[in-house]
Every structure is written in C-alpha cells, then in structure tokens.
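Each chain carries a letter (A, B and C) given by its place in the written order, and its residues are counted from 1.
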Amino acid sequence: MSAEQAAAPRRHGGLLGHDALVRLTRAGVVLLLFAIWQVYGAFFADKDFVSPPSAVAVALFTHIFSDGAVMRAVGLTLVEVALAFTASMIVGVGLGVLIGWNTGARRMALPVVLLLYAIPQVVMLPLVILAFGIGPVAKIFFGFSHGVFPVIINVVAGMRNVNPLLLAGARSMGASRLEIARHVMFPHMVPSLFAGLRLAMTVTLIGVILAELYVSMAGIGYYTQVFAQTFDPAPLFALIAVLAAIAIVLNELVRLAERRVTRWRRVGM
Amino acid sequence: MTVAFDQARAPAATERPVAISVKGVTKRFGEGTGLGVMALSEVTLDIRRGEFVCLLGPSGCGKSTLLNIIGGLLPQTAGTVEVAGKKVAAPLPNDMAFVFQESTLFPWYTVTENFRVALKFQGVPHAEWEARTQEALAAVGMVQFAGHYPDQLSVGMRQRVNLARGIAMGTDIILMDEPFAALDEQTRMVLGEDLSSLLAKTGKTIVFVTHSLAEAVFLSDRIVVLTARPAAIKKIVRVEEPHPRSPDFMLEPRFSELRNELYELLRDEIRKTMAMQGGGAPGGGG
Amino acid sequence: MGATSGFAARSVQIAFVAIVIGVWWGVTKTHAVMPLFLPPVGLVARTIDQLFSTGEAWAAVRLTLLTIVEAYALAVVAGLLAGYFVTRSRFLTEVFEPLIANLFTIPIILFFPLFVLFFGIGPGSKIAYGALYGFFPVALNTIAGFSRVERRFLWAARSMGASPFGLFRHVLVPSALPVIVTGLRISFLICLASVLGGEELSAAAGIGKNIELAAELMDPARMYSWIVFVVLTTTVLNLVLSQIEGRVRER
C-alpha cells in the first residue's frame, strides 16, 4: 500500500524519482479511464443509460448542489455514517478490551463474535427496517452492526502477542499494572486497532448506504429511484459521485489519523 | 589452571560486601500439572559489589530463569534471594535494572520517550527526567538521535541506547540477559569494551547471562558454569584481569586457556541438553 | 485467528446457538416480544418445512444460487487474470495495487442503482454487482500472492533450467496459492452477500426478494424462515470453505 511504498527507498531511474513516476503513471491511468468514459459516453453510448463525465459535472450543479432536499438527504447520510462509525469505535474498543483482557474471556467470547461476524448481515436488513422504522435509527444501527465487529476482532488481536520481554522490561522498571496497560499494551494494540477502524469505516458506509437504498420512500434511496426514471442518468451519476467522494474522504480521514498515530511503525529501514 | 586460582593476586573483590545473595534457589515449572520441569536445583551464590559475574551454560539450561528470579520477575519454588539486605519477591526498580536483548526498547516511543517512561515507571520525580535523560544519552554519545524511533536506528545503536536506559535507572546492580545476542561479532566486541570501562568507572555490580565463551571470559570477574537442566552450579571460574579490559587481553595465552577450560566444562552438558531436546523434553525457561 | 478452529471454540459456538434458540423460545412463549418482530421458533421451523416440502422455495434458491455462481465465476476469472498480469512487473504492481485497494474501500453498493439501470431488475444487475465486488479480494490476494514469491526460489529454479511454464507451475503457483485461496473464499462470501442484498433492493425473484416481500407483507414467519435458512447455509458453507482453505494453506 501507499504507506509502505512511501517508506521504500527511492530508486533513481532517470529525471523523475521512482515514486514520482509510479504516482504519475497511476494518475495517468485514472485520467485515461475518465477519458475513455467521456468519449464513450459522448459519442457511442445510449444517452438514456450512460452520461459522460462532462454531463455528470453539469448535473452536479443543476440537480445536486442546487437542490436543498437532495443536499439534506446527503447530509443526513453523512451524519448517519459518522454516528454509526463513532458507536462502532466506542463499543468495539470497549468490548474488544473486555474480551481481550484475559485468556478465559477471549476463549468464551471470541468464537461467538467470529460466528456472528460470518453471518451475511444483509439478510437482516428488512428485519432491521421493520424493527427500527424507515428513519435514521435503522440506518445508524445497520451501519453500527457492520462496523463494530472488525473493531472488536482487531482490538482483541492487538492485545495478544505482546512481546513478553517488553512486559518483563516494564515490570523490572517498576511499572504498575495501569502503567503497563497505558504504555505497553495500548501502544502495541494501536496499529491493529486502526486496521480494524479502516475496515469498520468501509463496512459502516456499506451498511448505512444499503439501508438508505432499501428505504425508497425517503433520503438517498428515494432520489436514486427518481433520478433513474427520468431518462437522463446524469443526476443519478452525479449523486453517486458525491456519495463516493464522501466515502473516499472518510476513508482518507481514518488513514490520516492512523498515519499520525502509528508514525513509529513506518520509520523502519 | 594456575591462573584461575592465583590467590597471590588477592583480588579485592572478595573483600567487598555481598550485593546479591542467592541461597538454595530451586525452580520447578508447571507445578501441579504432572508435567513439571525442574529448571534450577539448589543454586547458592554470593555476588559482591562491583563484581562482574557471568552465568554460562548450555542453551535452555535455566540461566535466564535464575536471572529472572534474582530480578524478582519470577517466583522461585524454594530458597531465597537477598539484594541490599531485602528479600526479593518482586522487581526492585531502585536496586536492580534489567537489560534484555535489543528488542526491549518500546518501538512506539522515541529514544527520549523511552528514557522518560523508564524513569516514570521507576517513580523518579518528573523534574529529574530531562536532566537524567540528557546525561544518559550523552554518556553513550547518542544525543543527536534523541528524537529517533528505535526502528530508525541500527541494531547496534539500539542496543547501545537500551544499555544506556538500564544505566539511567541509576541502580547499583544491572542484570543483563544476553544483551548482545542479536548483534554481530564486531559490534559485540565494541559494546563489551564499553561495558568493561563502565564497570571500572562506576563500580556497578553486573550479572550477565550469555552462551558465548569468549564474551564470558572477556567480561567476567567470575564465570558461573551451570549444568544441563536442571541447572546447578558446576564450577565457578575466576578471571584475574582488572577492568577496563582491552582487546589485547584476548590475545594473551591465558584467555585461550580459560576459554578451553570453559568448553571442557560445558561439553558434556551441551551433549546432555541436545539429547534431552531430542527426547522431546517440554520447554521450560531459557 | 487461532480461536476459530479447535474443539473448544466449536463447543462455545454450539452452546451459543443453543442459548439463542432457547432465549428465542422463551421470549416467544412468554409473549415478551411482539410476534411481528419475533415469531415463535416452532412456527418458523414449520414454515421452513412447508416452504421446502411444497417446492415453493426451490425456484428462489435455484435462481439465487445460479446468480451467485455466475457472479463468482466472473469475479474469479477477472481477478486472477488481473492479479497475474499486474504482477508481471514490479512497476505495474506499484501502480495498480494501491489503485485497486483504494477502490475496494469505496462502498460498491453505491453503483447498484446504475446496474439496475443498465441491466434491469433481472439477475443481470445482481451478477454485475456481485462480480464487481467479488473481483477485488481475488485481484488483491492474487497480487499479494504473486508478489511474495521469493526471488531466490526463482533463481534456484532457473539455475536448474526450468522452463517458463515449469517456473509458473512449480514455483509461482505453489508459493502464491495459500494467499490466493483466502481471496477466493472471501470473494465467494462477498458475492453471496452482494447478490442477496441486490435482490432485496431490486429484483423480481430470488431469496433476497422473498425476504423483502415477506417484510413488506408483514409475514414475519416467512421472513424469519428465509433468514434462518440463509444464516444456516452460509455458516455451513463458510465452515466447508475454511476447511478447504486450511488444507491448501498447510501444504
């Protein structure tokens, strides 16, 4: 991933550094894909189904940003994701620490967590809507129920396998149990926690958007239905683009936080 | 061995007060499981102040177990350990500092933070952290690396910092568990010299676990040769050479003689250990 | 994680399922929960039996299964090919691996409305959605698998005169396979969940559609029957797939 690549030694192959060349090529690939889409959408595609990026960009302003109701639906989704993710994080870390604290608790609880995690939660979606209604509560819950498992599992995993010499070292220096938890166990767990949080953000987004799309009477689900029926798909493309952009930004925020907190891990030679 | 028992030299060390007193220490792992493993049997040993003592034995014999019991990290099954007149039952961070292999610097803290957290664990007042950290860094010539994370340093530099952290604890006794095991031979020799001059300067008591014969001879005042598991003291070999020791010591004939004597003592024990491992003996302490 | 297998972990899981069923039986017996939200265990069991004995369920199961298999086949073929070709050069790997990994973090479900627009409410939209989602773990794990082949093995084989195919067959594949099979398993579970989810959102038939329909018609016994059926089958499938994966990995 990009983090490892950034740490990799620079190899000078010519005028550009190796990393810069890789990044430029990557940007080129993305631009090329957009260009193909533009040419295909503008000249070859059935206009009822595919809009070129230029038309999507226009629709962003004519149908999305200018429409207060659509923007409110997008904003509500963002709030739902934020709340669901926060809840996943708090509950996930809490339960993860409880489960990971001692071997007995882990042996009892982890198999259950893994069993639940393996269930395709999507089959419960109609049940969740039935139980919590078509409002934000159901969507937040569904995002949370997706996000909490990766956090728990990664916190439990992160609390294991602390180098026993580090623990012995801390004890020999007179560290109390609390100090060991704060200065040894917790920092050791953080990289794994963030791996969990990254995954949690991805699946929280999936959960919330699934529930949003399922409820077609309001919110984003409603607008995707409306836009799909107009024989001009540009607004639908635009709405999806806005949501995808939000997803990218949210994922990037988690990674930014991770990079700040786990700086010590990436400095190795 | 004429050199080892040359009483004419009358080493001052035997006159000094006892720093660590080990009496009849026995350790059995897996008590009550039916699969118990004897790691130590009836070890009795006095270590005097300012002495450099090596615990030498075949790998897995229980050298580290003995060191951990002395340091209060492991409870013994029988016997007593006394340090500075106190019975050891838990770590005594103000009397003894541990130095393990290089990996025991906390990788998530910078060099400076590693010193600070050690002093914090020890209970040193916050006001003293800065000065003591600077002093320790200066002593090992690592001031310019204060803000580095351990993974940014070479293995040798890391261990130098680790050693400095142990010294910064300011204790009279330092317990070292194969501190140079992860290093290449050249770095080992340099750090070994550093350690010898540290001893000469500060008069600290050092107990050092190793399985390197040359390292044991080069550094020690006394070498405690342990048997295969369960470890018992086979013989104590004396090395008469004042600290700080220079690399020239290694070129003297008596250095090789001592080394050969140690190998002679250890050979049977190593074979016994290998036979035990071949027989699938359950693992105890290292 | 080690705790997933082993007799103790399995016992805990079975005990947990037993407790869940017990609590379910208890709360419906005492009418602590409205039957709309949780119908009695017995009723659900009878409904499952009825669904399958009358043959009503089989059409839905057949359709959904076929959709999943088609989506999965596309995902696997595309993922393996993409993964293999990207790893032919270190440069391409560095260019494409982060790109694919980043795309995978975007909720692909966002594009489902487009697939419905393109392919209609038939299986096509579900196949496209499932295949796209399932593509990522296969491609990423194939890349990871082939990138971790150690150079010294390649050199050793080449020094012994191995042909390009021999190299592929005896060095590349064996060292990449353990990582690839993990991707294959994850991809299957993603395809399965995607198809079911797609059917719930927009479909004419299939298991997902049946769950959605039962919810809309306020028929909890039917809804729970399907949910229980899916949860049981996927749990068993997951177990089987993990076993296969374990076999391949430990070779």
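We take it that a contact is a pair of C-beta atoms (placed from the backbone, for glycine too) under 8 Å apart; a residue touches a chain by one contact, two chains touch by 3 or more.
Everything numeric here is computed off the predicted structure, so don't read it as measured data.
Common neighbours of chain A and chain C: there are none. When every chain is represented by the mean of its C-alpha atoms, the one lying closest to the mean of all protein C-alpha atoms is A.
Averaged C-alpha coordinates give centres for chain A and chain C that are 19 Å from one another. Remark: chain A and chain B have CA centroids separated by 49 Å (rounded to whole angstrom).
In whole angstrom, the spacing between the mean C-alpha positions of chain B and chain C is 54. Put simply, chain C touches chain A in their complex at residues 1, 3-4, 8-10, 12-13, 16-17, 36-37, 91, 94-99, 101-102, 104-107, 109-114, 116-118, 189, 192-193, 196-197, 200-201, 208, 211-212, 214-216, 220, 223-224, 226-227, 230-231, 234-235, 238. The touching residues of chain A, counted against chain B in their complex, run 163, 165-166, 168-175, 179, 183-184, 187-188, 190, 263-265, 267-269. Remark: chain A residues 1-2, 5, 22, 25-26, 29-30, 49, 106-108, 110-112, 114-115, 118-127, 129-131, 153, 157, 198, 201-202, 205-206, 209-210, 213-214, 224, 228, 233, 236-237, 240, 243-244, 247-248, 251 touch chain C in the complex.
By the touch rule above, chain B contacts chain A in their complex via residues 68, 71-73, 91, 93-94, 96-98, 100-101, 103-104, 106-110, 117-118, 120-123, 148-152, 169, 175.
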